[in-house]
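So that you can tell them apart, the chains are marked A, B, C, D, E, F, G and H in the order they are listed, and the count of residues begins at 1 in each.
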Amino acid sequence: MSEFAFLNGNEAVAWGVRLSRPHVIAAYPITPQTKAVEKLSSFVQNGEMDCKYLHVESEHSAMACSIGSSSVGARTFTATSSQGLLYMSEGLPYASGARLPIVMMNANRSIATPWNIYGDQMDAMHVLNSGWVQLFVEDAQEALDMVIQSFKLAENHDILTPVMINVDGFVLTHTYEKVEIPGQELVDSFLPAIEKAPHLMNDQDPMSLCISAGNQHYMEFKIKQHRDMFKVFEQLESIDRDFEKSFGRSHGGAAAGYRNEDADVILVTTGSVTGTARVVVDSLREQGIKAGLVKLRLLRPFPSDDLFELIGKAGAVGILDKNISFGFEGTVYTNVNSSLLQKGYRGRTFNFIAGLGGRDITKENIEEMFSALLEQKGETVQYFNMGCAL
Amino acid sequence: MIKKLNARNIDAKECFYGHKACGGCGESLALRLALKVLGEEAYLSLPAGCMAAVSFIYPNMAFKNNAVITPFASTAAVATGIAAGLEALGKEAPLSVGFAGDGGTADIGIQSLSGAIDRGEKFIYICTDNEAYMNTGIQKSGLTPFGAATTTTPAGKAIHGCVTEKKNMFEIAAAHGISYAATASIGYPEDFLNKVQKAKECDGPAYIHIYTPCPTGWGHGSEITVDLAKEVVDTGLWFLAEYENGEFRLNKKPENFKPVADHLKRQARFRHLSEIEITQIEEMRDRKWEKMLKNWG
Amino acid sequence: MLKEIRWHGRGGQGSFTGAKLLGTAASLHDGRFAQAFPSFGPERRGAPVLGFNRISDNPITDRSEISLCDFIIFLDDTLWNERYYDDLKKEALILINTADSSLANERIRTIDATGLALDVLGLPIANTAMLGALAALSGETVTREALVEALKSSLKPSVLEKNLILLEKAYERF
Amino acid sequence: MKDFKMSPRPLWKSLSDVPMGSSCSSFHICDTNAAWRVFRPVMDYSLCIGCHQCYLLCPDGAIHKEDAKVFRIDYDFCKGCGICANQCKPGAISMVKEDQV
Amino acid sequence: MSEFAFLNGNEAVAWGVRLSRPHVIAAYPITPQTKAVEKLSSFVQNGEMDCKYLHVESEHSAMACSIGSSSVGARTFTATSSQGLLYMSEGLPYASGARLPIVMMNANRSIATPWNIYGDQMDAMHVLNSGWVQLFVEDAQEALDMVIQSFKLAENHDILTPVMINVDGFVLTHTYEKVEIPGQELVDSFLPAIEKAPHLMNDQDPMSLCISAGNQHYMEFKIKQHRDMFKVFEQLESIDRDFEKSFGRSHGGAAAGYRNEDADVILVTTGSVTGTARVVVDSLREQGIKAGLVKLRLLRPFPSDDLFELIGKAGAVGILDKNISFGFEGTVYTNVNSSLLQKGYRGRTFNFIAGLGGRDITKENIEEMFSALLEQKGETVQYFNMGCAL
Amino acid sequence: MIKKLNARNIDAKECFYGHKACGGCGESLALRLALKVLGEEAYLSLPAGCMAAVSFIYPNMAFKNNAVITPFASTAAVATGIAAGLEALGKEAPLSVGFAGDGGTADIGIQSLSGAIDRGEKFIYICTDNEAYMNTGIQKSGLTPFGAATTTTPAGKAIHGCVTEKKNMFEIAAAHGISYAATASIGYPEDFLNKVQKAKECDGPAYIHIYTPCPTGWGHGSEITVDLAKEVVDTGLWFLAEYENGEFRLNKKPENFKPVADHLKRQARFRHLSEIEITQIEEMRDRKWEKMLKNWG
Amino acid sequence: MKDFKMSPRPLWKSLSDVPMGSSCSSFHICDTNAAWRVFRPVMDYSLCIGCHQCYLLCPDGAIHKEDAKVFRIDYDFCKGCGICANQCKPGAISMVKEDQV
Amino acid sequence: MLKEIRWHGRGGQGSFTGAKLLGTAASLHDGRFAQAFPSFGPERRGAPVLGFNRISDNPITDRSEISLCDFIIFLDDTLWNERYYDDLKKEALILINTADSSLANERIRTIDATGLALDVLGLPIANTAMLGALAALSGETVTREALVEALKSSLKPSVLEKNLILLEKAYERF
């Protein structure tokens, strides 16, 4: 039986995990992820979840324990953020190369130094090459639902790739909203017990894992991994369709448009800022301005086809980046541009850097972005809500 | 011989001021006292943790000294890097000091600490132990004691608080053959001052582990922070000892212990404990003392 | 119709609990939509902190900070400052927990929530009373009934009854 | 012994005013902590025996030693934790609610 | 007095470091970087270098010690590779945010799993967002010279940014060639003692470092860092000009062309494969084919202007990536595309993935790349020297 | 009582075969012997290091068991992750074993090991100590002994080999209050077999530290690997001991030591040592024994 | 007791033949180590007293125990390190240069 | 004129030292350009390994592996195998260290380098002798004089003299 609750994003994730019945959780606390692991610990300490919870001594070990438990076929969850994500970053390509279906929440937060605990997406961008599926959610409900979907996706025998669910720090992790918690029976039938993949350790046919491959073999392992990742697009859509059948809610595939079909100008977003942008788009539409949005739900694999289709004939595209690659530009921008160049897109693209270190992104900021697009004015890379001149 | 330090003869100057720690914070007292001995010439390294969080909030800098926040895992590495840098630049007798919490010491920072001690260079490491990850909201660390409720080991229906015992950081540091190691408590401030003094004088690496109650994380009134820190020694749940020239020494051998239950019940984190669990805690204490008295007696 | 609310309190005083209860009431029991979110800084217990609510008849997707408010609630009169007038929308109100009713004016309502709480609960925990006052000032923001349900679903039985009384008393002040 | 200057909060007109690196002068203090206090320690100098305990044990170092006998509370930075009062054996310090002083 | 020696890339780096007279070296061994730190150790143990050498227990501590020593103004060197680079990756944005002029050699190597010790550039791509200057060298002489130049660059008070010198694993680190070792006096006058930057720790005016900045301040710190990074282009060129005056050799700026002016098709390369590509270009030119090269010496800051200028009107551009971002494409390709889109480049671009895990990149492979460009045929992303079909 | 193991009654089956270690490699002998006791049901975790490098070279897999290479720093974390996973999946009495070199144990892996011991779950950790980073070409580790020449501590003109002493890993493991810890040497193979057996039987975490000469790294003939490993115990430069139920025990108390100089001179890494340095080494040994005999006697 | 099958080296026609993950069956052995040997241990069974030392101490496990008395060297995997010969007290094993056998 | 050379040996046998000496001689003492690089695998001491050289009159920028060779040198006849004929350029030669001169043919030259080395050095270290042989077979690849200089700059004085003699003796064999 489903029920409603007033939860923050962290708690919603914890509920998604609880309902997915993982065998093992290994995690290390870090703001703003803490409430998620605290909630999970309390489920475990109260006997509401039957699961091994490993209180590891660091994130590097959180990932390593996860690698261990996933290697024997146990459903495994972990969660981190920011410095923690970087500290475990050796383990990320390790796990993806081994094709271990670990699911992780990353509570998006800025990176030191200066230290700052607030939300931007710099952490996720640091590990974009790690071979993990990188998913971004927009609200607490989606966070909960995508945990369940992610296990299904990661464990699919065609995919067998770990999934990172990015949940904007504070803005989502600490904001309470009404969330529907699906009934356990429903989840159980949607997400059955994990089916152990044949390449993992097992007693019948012992396996050697995380082996070494010389220059004669390595490249094929990696290209296989790379090509398999593209299967995520189709699987995600099909999982979401099934999800809708079971739960009556759906979240879409790799990318989603909002009032984009006839848009003259489009803003590309990831994560929670999309919601604020919707408000702005609606008000611009009321003023007769054809503004639209494209939300990227996946950054890896990168949905070039969907993106191009959704952008259609918009005359200018702005990419809102809550991150920056020092000495270049925002990373989503770089990715989108590459994809658009290949598709032969001929409009102009702008990069809007905003929200670093939790700097508020106001509706006015987003209006400014749209007017930069409409008038095609200003620098290619622009900074928003700065407290001083450049 | 070195002059014994006490409340009257310590430096009246403050090197740690205006920080944003909770009122009655035990850790901040430990830092303040240590700096009375270390002086403003000491170079300070603090990893992520309450003390770093409350002392470097731009534009409010609470240390008078040169000071740096280190990556959470890296207190000792940064501190020895500073020492090496200063030495290579020709500074005479540079003093580099790391201050880290229990989590930053016994968990994520233990490797860097172990490596630094092993390299054998002079630096001081002070672990301020409040028995949980406070900065992030009171999660269990390797130094959380048996029975304590934290946000990751709540007093649940199936599991009743923290099930593991405190890691023996003092003994682990000593097992490295470190030049000087000691335990302390802000409940015995003058003992602590003099141990910091010894650490400062000694040639190689030194480690001091100080017990620092946290009103916010333990759930006690801010005014009894120091009381609790004294009581914990008097109940035998914590001990004052030193390791020097390869030998252990107990600084205080209680005749008999103050009652444990009263002490625990003053802290919200222990309030759920059953009598059986409290007895278990007493037994653990007795086993520990038996061993200490036998081996270090 | 969107209402935006800001709470001022001190770390440890329960201002965010108030915001959570308000959001719970509006979204789970008034059949509306709500957000509740804290401000969060490295300062510790005792330091001034903020909490926020958005309440609306329609789904709320706006994730930006709240600058102009329909209500600003002060859990402690020492936190009140004239400059906060600037943060009000038109027709917005300020609600201050204080024994000093002389603070009241056109834009300011006062209530001695701590006093009431000490009376009823025996503890200086002001947030339930502030919620009662808010419901009285604007049923459009939250109804008393929804707050009652929210208290029932959120509080431990041992403290529930007294809080319901407190809510009621505060509600009746306006 | 107060040993820092209260610095004004920095104002940035342009990026060149922003500090290099993630550095700031040490002991650069702009904000007091007075607003944190609910109770205020008040000293009755007539009862004080100069035992130094309050000065020794204040976590905020907010009790300054002016000479071996005179201790003064810096109310800009005292947070009202009550340790000094609790440790003062002769009861020379009492904690008074802020709005009652 | 300069002298010639037959050195491999690692030894050349070690000589560059020795001549730069660092105060502190903190490093942890990892193939294929080991011979560099071994050589440095032996200089120290033989009293040929006056320097503190810290035998740290891990790469995370290597970076942390470097942060410590650089914080007090000591000239600091470290070196790593692959897993080690990832293991220290929390420290990289830490150091760059603190504006510490550390110089590091990264011996480029593939990333596990599978394990593989050979050279590709996946490791460097993992840390492209870390705020370090990322330089790639082509041979042992350049490796030696760029160590010296890098200290000068990093320590420049307008730059104050750490520099990572990427040296292709095995292909450069283990290949011996004739190298000119400049005389110490020459180096001393080119690279004087480090001038301590005012934001670092010092006894006169104590500083707090690596502070935290809330959402009111963080973004400005980061945008400052970002904008300062672009000053590297000019400084690097000026340093190289001075270098040429002192040493009679020069290596150029952020990017360099080879027979590119009139080229119909251009291949973009990084690092040592450029040399092999030169041989192919020469032979194609002999056949009358207008093939050219553009070598990117810097990936961060990314030299958009230089790149576009060097590519000019070439009809098709191929980007050779010794790395892959799983679920997308090679990372240099993504970067180049973004830059070209902004410049309005209208030709087609191809991505040639090669050399993963040390897979040989043959002259024939490069010829195939050029013919793909000439005929504009095949998939946009192509894989080379694969041992099996896709 | 558990049957004592010896050369005759161990399992004749090989679980470690066809590996690409150097001829006469001490580490590979330690692994082979341990697996005779652990059996093919054990799940193995090996970090980067010689043993991982020579046993998983696609397509040649040298272990019969389920086995995994772990990140270099992560032996114990992966091993406990495996144990947790197996347990959660309902496997009865799963056996998870980590094998790591001295570098992987005392340096980069010590944090993960410390954390895993602290969690208190059953797993076995075997440190194969060849006193340097061999896989990467003989660099100094935290377990490289005083005086040894390695590629990062060559016998130079200014500094004459390694200047630090071996980290006391056995004592450090014991200071964690581990269930079982022991030292061993492949020169005393049957002693080792029985210690592995004890580790297998014990309830919580177990740590065994075994001395494993490396002909390539130490510069000795491959045929004397086992000889040296016996001799090192007989000279007193290594020791056989156990820690069980909180107590230390020396398994072998030599009446008098074999001469150190002869032993050292058989190894190229020590050939540069002066007589004074050799005397220094003897003094260190004597100090260590004095302490051991006093405290564990 | 030899306990593995020599597997043929895998051949990949397409990516679908490449193993999933970075995994391989355990004890999948394709290549012998015989080429490493310069000296070969040769057993003189008449001198062997069955002490088990050679079998116990071979790092490559290349001396198989067929029964309590008979030990056989697997020359496919023996690397010729000489430990067995060195440890054999009765001198039943001698090391012979490969090109002299 | 580019020469490409491959060395076959066993880990620990010094084949790469040979390649390094050859490169040193050509580049530092013949005034030409040279590369020397090893193959490198996880297999250990005793396992077969390779070393490579490129030598040319012009700067060498090619960084690809060497597949077809001008010379293939075997430090040990057990490493020789017929399939290596395929790796030869036209007019290329194979040089094998063996006492079995019957291996020699149109493409193969043999020399008992180990025997010579045992005679001269008292040690079975074959690479100096192989270099001497190579110089004799192709002065275009490397000159004897350059090799002498390379030995002088690379070897410890204690072993130099004998190695020079060994080089000479091997050189004279062809």
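The rule is simple: contacts are C-beta pairs under 8 Å (C-beta built on N, C-alpha and C of every residue); 3 or more make two chains touch, one makes a residue touch a chain.
Bear in mind that the values here come from a model prediction, so they are computed numbers and not experimental data.
Q: List every chain that touches both subunit B and subunit F.
A: A, E
Q: Name the chain pair with more contacting C-beta pairs, choosing from A-C and F-H.
A: A-C
Q: Using mean Cα positions as chain centres, tell me which chain lies farthest from subunit H.
A: C
Q: Round to the nearest whole Å and give the separation of the Cα centres of subunit C and subunit D.
A: Each chain's C-alpha centroid was found; their separation is 32 Å.
Q: I'd like the Å distance between the centres of subunit C and subunit F, where a centre is the mean of that chain's Cα atoms.
A: That gives a centre separation of 63 Å.
Q: Could you grab the centroid distance between subunit A and subunit G? Build each centroid from C-alpha atoms only and quote it in angstrom.
A: Going by mean C-alpha positions, subunit A sits 51 Å from subunit G.
Q: Using mean C-alpha positions as chain centres, tell me how far subunit D is from subunit G in Å, no decimals.
A: Each chain reduced to its C-alpha mean, subunit D and subunit G end up 76 Å apart.
Q: What parts of subunit A, by residue number, touch at least two of the other chains?
A: Only 55, 57-58, 60, 83, 87, 90, 94, 97-98, 112-115, 117, 206-214, 217, 220-221, 223, 227, 360, 387-388, 390 qualify.
Q: Quick one: which residues in subunit H touch 2 or more of the other chains?
A: 41-42, 46-47
Q: Can you pull out the residues of subunit G that are in contact with at least two other chains?
A: Answer for subunit G, listing residues that touch two or more other chains: 12, 15, 18, 21-22, 24-28, 33, 36-37, 79-80.
Q: Show which residues of subunit D lie in contact with subunit B when the two form their complex.
A: Residues 1-4, 7, 9-10, 24-33, 36-37, 51-53, 55-61, 64-65, 68, 77, 79-83, 85-87, 95 of subunit D touch subunit B in their complex.
Q: Going by the contact rule set out above, which residues of subunit G touch subunit H in the complex?
A: So the residues of subunit G touching subunit H come out as 33, 35-38, 79-80, 98-99.
Q: Show me the residue ranges of subunit E that touch subunit B in the complex, using the header's touch definition.
A: 23-24, 26, 51-52, 54-58, 60-61, 64-74, 76, 90-91, 94, 201-203, 206-214, 217
Q: Per the contact definition, I'd like the list of subunit B residues that touch subunit F in the complex.
A: Answer in residue numbers: 73, 106-108, 110-111, 114-115, 118-120, 142, 164-165, 167-168, 171-172, 174-177, 246, 291, 295.
Q: Please give the residue numbers of subunit B that touch subunit C in the complex, ascending.
A: Touching subunit C from subunit B are residues 20-23, 25, 50, 53-54, 57, 215-216.
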